């Protein structure tokens, strides 16, 4: 794991390289570095995701272990996408996180190859899962559709304001109320 | 809730329930008649003399053949090779060398529903899988039975959430095997209970109260399409 | 019979109600991309799109593969999943931390100890609870037993797919021995809920050790027998050797880890690379393949059984004395005898059982090595006694993406062998 | 002469009777309820998309023909093996020639690549 200083250094490098065009929507790509329980997290601007991942790949983090979503309801921007990167030669992990507003939860897909470098084929199913569960739209994903829920399902179940669902279980003591047969 | 009432409620013709001759055994025993399915004039009284004679005469002729057929059927279930989740592992073990379900003649797991007459729902049924299971069940030839193995497909168990449907919402179930997952012994106990049921001597237990064996299903003239029933199940599950 | 005149272009089929709802699964104009499509005689051959699953004995669960075949050759394959999606991650948000463990265990139903281990480790990292050495060793023993049990089911079902039926029964015989051990230590055969935050819930009972040693003696012999049976089965070898190889580079870009990656020659194993739970104390090897074909995948897993036996033996020999679960009463239930004498213990007990413990706000991703690869658990805590988000990075889910890369262009019989050697567990894929 | 066929006749009659009895019992006892789903082809639990007039590749027929061709060879060998003593060395030589011819054909087919899937 990079220590806190190492994490800052990585952030500095990213700022130096990514702050300039092409995608200078809001200046610095790294909003914040979080060092918690020995693990480093880079909170970045969503617009820079492909560039940041490409640069981290160049500095050794070549294995995208996981892409998953998180919901910070009721805070805004609430929807997060987390990329877990691994450097196998140094056995070093780093987490890249971005936050999206629930009004327009859109971010570039890192799955497909683009003009800014090769993509991450492993992100295919995982981005689809994040889309399915959180409704995050990955721009440029060629096959973005539901993966776990049925195609015609409505809603994104892992959002925190989505009800858990379920139904009352019928026991002898509540069969009248649960079955809705008043007698 | 779109669940059918367990004992033929209002608006359901008792004659269309799948288990409608439950009281035959009680009648032959001469016990007091019970159950909501009975015609009103029979409720709460015993058959006597000529009535009983006629009743017995009607049944006994066909009984012997039926018994032979039921004996043959009940001793050679062909289960569908169908595992959904964790319970499928214990289903393997029931067929494995220690439990050896072949002792009872139920080891011939069939891959096609055409050749199977028993579907063991081993695992959790998701809303995406429900229409497929219903279709598989519909494609099995009669007579057919269903065992709901484990808590998940009986009552959704620990996962009472948006993604699951209990099995009896979209298909009739004859025997429920509790457990999470049930031990192989429990599954075999369930299959043996089913055997007794097919031999027309079911262990009723608490079901006497309902006058039912398992989940009842209303057999309409046109069978409901599987997709529609699953959609209904999904609506209630997702709500 | 044939509609004839259009000369074999992909005529638009009338889709059924079910497929119309999933029309977004594009079966792109494959016909044009086919090699030799320009040739006159080939163009008369139609492509056959078949559903392979969800109810199919060779897909190890309810995996659905939408296969496009040209004769006997697989031209395209699309895995479609979600048929046992259980919403476990959602349910976990609704339960306090220690009640999440039994729910989490039911994800990948063959490696339940690993699921519990990943979750418990993540929560331990968040709360900074130390697991005592004896607890760590007991965890290792159960994890490796579970790895053997998982590999046994994989071996049995895969051999069944490859036409060697008797192996399945042998494997179940040995698995029963393992499940007996699990039952002895925890009271359940599957989903034991043995691992707790801070250690394991109970020490191993008397007699466990003797029984485990007996099993350790038996297991390598039996594994020898499996190897002897399968390695002399010409049909199995024909179906495994040289079929559907994939190199380590492609596997890494697809995020594949575990035995599949090791079969291709990359010795990545988290137990060695990033040891957790005292794995650094044990001496074991990592089996590695060479070409990454189906036979290597088979051989690597079979060899892992021996290594697991070795690890268990060492852990049992070196099992330290001491507590099996953390002494921190904020996280672990007090022992029964303390409840009768200590008011404080009673309060802790009440607090733990009713509310559970609180976890400081933060988030963590913690990976361990499951029988199928990197099993990561992401936990986000908002400071309450229930997790705000639990996500499992399940190896089967990620590894499944490799199936189309492996299978495209090979025979349909090789597809069966590849899916078997991929060892997908649908409970883990769909969660 | 006819007596020697008696076992075969008894075998045929018994076989027919048992088979017929099961078929008849089935039609009497077995319940029947045709539903649309039951009439559908079974395709792993999903509605099948395979069209009615689907054209299979010619390679299937090629493999099937070759299988029949070379499998029939074995059928011819059975009676010869049983009655080899009666016909003597003539039959043996004839059989060897027959197998040799088929073997040449087999090598030809093999080398032409007809056994590989195209």
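Just so it is clear, A, B, C and D label the chains in written order, and each chain counts residues from 1 on its own.
What we mean here is this: a contact is a pair of C-beta atoms (placed from the backbone, for glycine too) under 8 Å apart; a residue touches a chain by one contact, two chains touch by 3 or more.
It should be emphasised that the depicted structure is a prediction, and the values quoted were computed from it without experimental measurement.
The most distant chain from chain B, with centres taken as the mean of CA atoms, is A. In this structure, the chain pairs B-C and C-D differ in their number of contacting C-beta pairs, and the larger number is found at B-C.
Our note on geometry: chain B versus chain C, Cα centroid distance of 33 Å, whole angstroms. Per-chain Cα centroids separate chain A from chain B by 45 Å.
Per-chain CA centroids place chain A at a distance of 58 Å from chain D.
Chain contacts: chain A has residues 148-150, 157, 162, 164-165 touching two or more partner chains. Within chain D, residues 45-47 each touch two or more of the remaining chains. Of all residues in chain C, those that touch two or more other chains are 17-18, 54-56, 82, 85, 87, 90-91, 94, 430. Pairs of chains meeting the touch criterion: A-B, A-C, B-C, B-D, C-D.
Within the complex formed with chain D, the residues of chain C that make contact are 1-3, 8, 11, 13, 15-19, 41, 44-46, 48-56, 64, 70-73, 411.
Across the complex, chain A is touched by residues 21-22, 24-26, 81-82, 85, 87, 89-91, 93-94, 125-126, 128, 252-257, 268, 273-274, 362-365, 367, 374, 376, 378, 380, 388-389, 391, 393, 397-398, 400-401, 430-431 of chain C.
Residues of chain D that touch chain C in their complex: 43-51, 53-60, 117-118. Interface residues of chain B, counted against chain C in their complex, comprise 81-86, 88-90, 92-93, 96-98, 111, 123-124, 126, 128-129, 131-132, 136, 152, 158-164, 180-181, 183, 227. The touching residues of chain A, when paired with chain B in their complex, are 148-150, 153-155, 157, 162-167, 169-170, 172, 175, 178-181.
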